[in-house]
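Quick heads-up: structures coming right below.
Two complexes come next, and they have one chain in common, subunit A, joined by subunit B in the first and subunit C in the second.
Let's look at the complex of A and B:
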């Protein structure tokens, strides 16, 4: 018989290296003579989409299109060390470094433009849609490319190198007190599952995932992170396990180490919550890891809601669920079980 | 929020290359005249190496070089402690430890050659259960590097007054949870191309999470300057923490630097399983108390993480588990102890959500159990305890901004209206 249940899981996640370890990201920026720009940073895009985020940040600051920005990464000959692609740190920390570097180059550009436009303050200059000009004075503007090219003839170049370091303190080794991470990410997910009481097999039908990302720099990539995280979370909850016997891995192959396939991945509904993080680039904080935290809990709680058995040892395999159902029947009796499951 | 580009759904810059198959992963890059490398790995979890005889391997036609520990200038690497050897010299601590490497004209010859390397092992009893390994009388697995105990790291968190907390608790739930060892299961097994370029610099092309770290470890092991080593990241086919520790980079670099020939290496899936880190299996002992109003008042938690054979990121992972052990909830009285314990299992390291992924099984199960005992809905139980701006965590940290927990739950409320078949 197939039984349905709903489960809730909440999670939190401190981003960055944490515990007082200097979490430093760095970036080089060069604004070219034709008004395009290059961002160079060690941060490796491992598929999470960081390079696209950096292009968006640089384009935003310079009033350009993202395709006007080349992002060079992960080459020790050409990029500055920007820390590891881990700890949910690149959008926040390397994003901040890119933002600082772009603003540094931009500041000198604005100063130069203010002088060229006979404007008394660089704060009166704006970069928009490939143009640079005086705010509110359409007679004083020109293509950014012209401004940068002319500036070179005056010996001006707009390049920069900046670093950004996240705030963190080490925890006390005696009592654990301290402020180890910043910022923290939060999320909650609801799982809807169907449990087959004859086979013990769990099908996750739907996950609704709500995550606080501070600000979604690219909502499509936020959804992508959540989809991947949910798939991994379902694998963690239900099927994946490195089986060991005296230190020997018994299943070192995808024929025996089961990961979710398209048939196992549920319908995923994403809700993006934006609770601005004031220290982040445009209010953003990371999502990569926290997105998978709530999934396994939501699934385990949903299994309980469906069939009244609590799985305390992962993964929640059919064997464990069947054994728990048998145990429950033995404890509560035939009627008890029926009462618990069927009513 | 009136930005023009930030907040928009622009296409990923790497999207089309991947969709059209034009992206280059490290397995896709080659160099004229390249040799193939293969690694002999230990089948034993704990052993003393009496001798390694490479004569038969070196004599195989097509074999260009055979390397053992004595060929590595500085034979150590590691993210926190350099407690892993590039090629093991004396003590095997886990199945999969690398012992010898071969460079040959073809992959087939390289793999035949490693099968001809003769290793004389003295097999030792292994420690496979972290709770056994942490006992004071257990033999130390890394006495030189990590001292007489296999407890690599312990973080206690103490806050409030436990006795006062239990006194206030109307309901107490006590339970033990276990999470399993996981593999990252990235789709692209480790691969590397290493060569000496026209400037005389060592170039290593690899899929890594941190090119600059790899450069430092390669330079250290080979006795080169950072400026002589270039690590260039190719497209990464999934990482999830499994590409933080060094895999084939130093071995390939060593052979390329020594032989002055390009070296190509690619793990099989099985070699990938045997060689990279794993997610820490954890045992979590939880005792949680709440008042009849559903307010959490006390948590006592003991968390034991199996670090496996090498430290990798274990201290940081179990520290993260301790710091996140309460869940996103205010609990005024906590006593948390988190341990990383060395064993002869595959080594544990970084994996997506890094120590915060395991305690969620415990704290969220406890929340549902407490809710049931108190006659509250799971949602209501959480709403009465979640963090807000101004909340203080178990480490005494005040959350000063961007605490979206309440908004997340608010968004999910409509989906929690129905009840399951068991209720």
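Let's look at the complex of A and C:
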């Protein structure tokens, strides 16, 4: 018989290296005389989209389009170190370094422009759609490229280097006190599953995933990160297991270590929650790893809701589910009397 | 041994080892490195190419077996200036993350659309189930194939 159930999972996750480990990102920025800009950072985009986020941040500050920004990454000859692409840290930490660097170069540019436009303060200058000019006075503006080009002829360059260090203190081993991570990410997911009581097979039908990302700098990428995490979470919950024998992995192949295919992944509905993280770039914080955390609990809880058995070790394989169903029947008789377990 | 291969509508005369895999010939001798090797044992689909319009794992085919067949790799599907509707929709919908599975995904999808221009969601998932992706959760990939199908139909 196939039985359906619904389960909820909630998760929180400390992002960054944490526990006092130095967590530093850096960036160089240069605004060029063709009206474009370059961001250099050691942060490597492994597909999560960090380079796109950096381009968006620089473009937003400079009144340009993301395609006007060249992002150079991961070259130890030319880019400043920004740590690893790990710990859910690039949008937040490297994003902060990029933002600081862009703002520094921009400040110099605005000061220069204020002088050129005979404006008393740089606060009266704006960068918009590739132009630089005096706020509220359309007669006093010029293409950004012209301004930077003229400045260059006078020996002015708009170049900056900045870094950003995440807040973290080690936990006191005596009393457990400390602030190991900042910021924390939060999420909740609901899973609907169908369990086949004859075979023990679980099909995850649907996942609704709500995640607080502070601010979604790139909503498409946020959805992509959530969907990817849900797929890994489904694999973690139901099929993936590294089998070790005397320190040797017995299943180091896709034929013996199964990961979800397109057919195993449920319908995924994402809900982006934007609760501003004031220390993040435009209020953003990381999402990569935490998006997987609630999936496991949601799936395992949904299995319980469907057939009344608690699976307490992962993955929840058909063997484990069948064994638990047999055990339940033995204890509570035919039909299982799920109420007995619940009460 | 001397063989002749037809890849992306071009003919190549090659000297290969009798046991050389088609995947290696494409990548190492022809420089068509868009085709990836994920597992080398027919499980991941990263090495997918089209052979007479059908998706095959090039890690499981010997170069010599490909003689006389029409081969297509990702390089033959489209380019920056003339992207195939699938390539366009993958980029536009964010169906590419690390990109390692992408060439194989596109070719499996192309094989599907070439024989069934209006596949259902289930048919898409079925056709793509031999291509593993660790990044995207397949969600946007399936949507990108649907979008491309709509465009092809138009």
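Convention: the second predicted complex is superposed on the first by the 334 of 343 C-alpha atoms of A that agree within 3 Å, B and C clash if a C-alpha of one lies under 4 Å from a C-alpha of the other, contacts with A are read in each partner's own complex, and residues count from 1 in each chain.
As a convention for this text, a residue touches a chain if its C-beta (ideal position, glycine included) is under 8 Å from a C-beta of that chain, and two chains touch if they have at least 3 such contacts.
None of the values given here were measured: they were computed from a predicted structure.
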item: Contacts of A:286 with subunit B and subunit C, given as first, second, both or neither; value: neither
item: More subunit A residues in contact - subunit B or subunit C; value: B
item: Touching partner for A:35 - first (subunit B), second (subunit C), both, neither; value: neither
item: Touching partner for A:85 - first (subunit B), second (subunit C), both, neither; value: first
item: Subunit B versus subunit C as contact partner of A:232, first or second or both or neither; value: both
item: First (subunit B), second (subunit C), both or neither touched by A:133; value: neither
item: First, second, both or neither for A:95, with subunit B first and subunit C second; value: neither
item: Touching partner for A:183 - first (subunit B), second (subunit C), both, neither; value: first
item: Touching partner for A:75 - first (subunit B), second (subunit C), both, neither; value: first
item: Partner chain(s) touched by A:221 [first = subunit B, second = subunit C, both, neither]; value: both
item: Overlap of the subunit B and subunit C footprints on subunit A, listed as residue numbers; value: 46-47, 49, 220-221, 229, 232, 253-254, 259
item: Residues on subunit A engaged by subunit B in the complex (per definition of touch); value: 3-14, 18-19, 42, 44-47, 49, 51-52, 55-57, 59-60, 63, 65-66, 71, 73-77, 79, 81-87, 129, 171, 173-181, 183-184, 186-190, 208, 210-212, 214-221, 229, 232, 235-236, 240-242, 244, 246-249, 252-254, 257, 259, 271, 273-280, 282-283, 285, 288-290, 292-294, 296-298, 300-302, 304-308, 310, 312-315, 340-342
item: Complex contacts: residues of subunit B adjacent to subunit A; value: 1, 3-14, 43, 45-46, 94-95, 126, 128, 155-159, 175-183, 185, 208-213, 215, 226, 229-233, 236-241, 243-244, 269-270, 273-274, 278, 316, 319-320, 322-324, 327-328, 336, 343-346, 350, 352-354, 356-357, 360-361, 364-365, 367-369, 378-379, 382, 386-387, 394-399, 401-405, 407-409, 411-412, 415-416, 418-423
item: Complex interface listing, subunit C residues touching subunit A; value: 38-39, 41, 43-44, 93-94, 96-99, 124-126, 128-142
item: Residues of subunit A that touch subunit C when the two form their complex; value: 46-49, 220-221, 223-224, 226-232, 253-255, 259-263, 265, 268
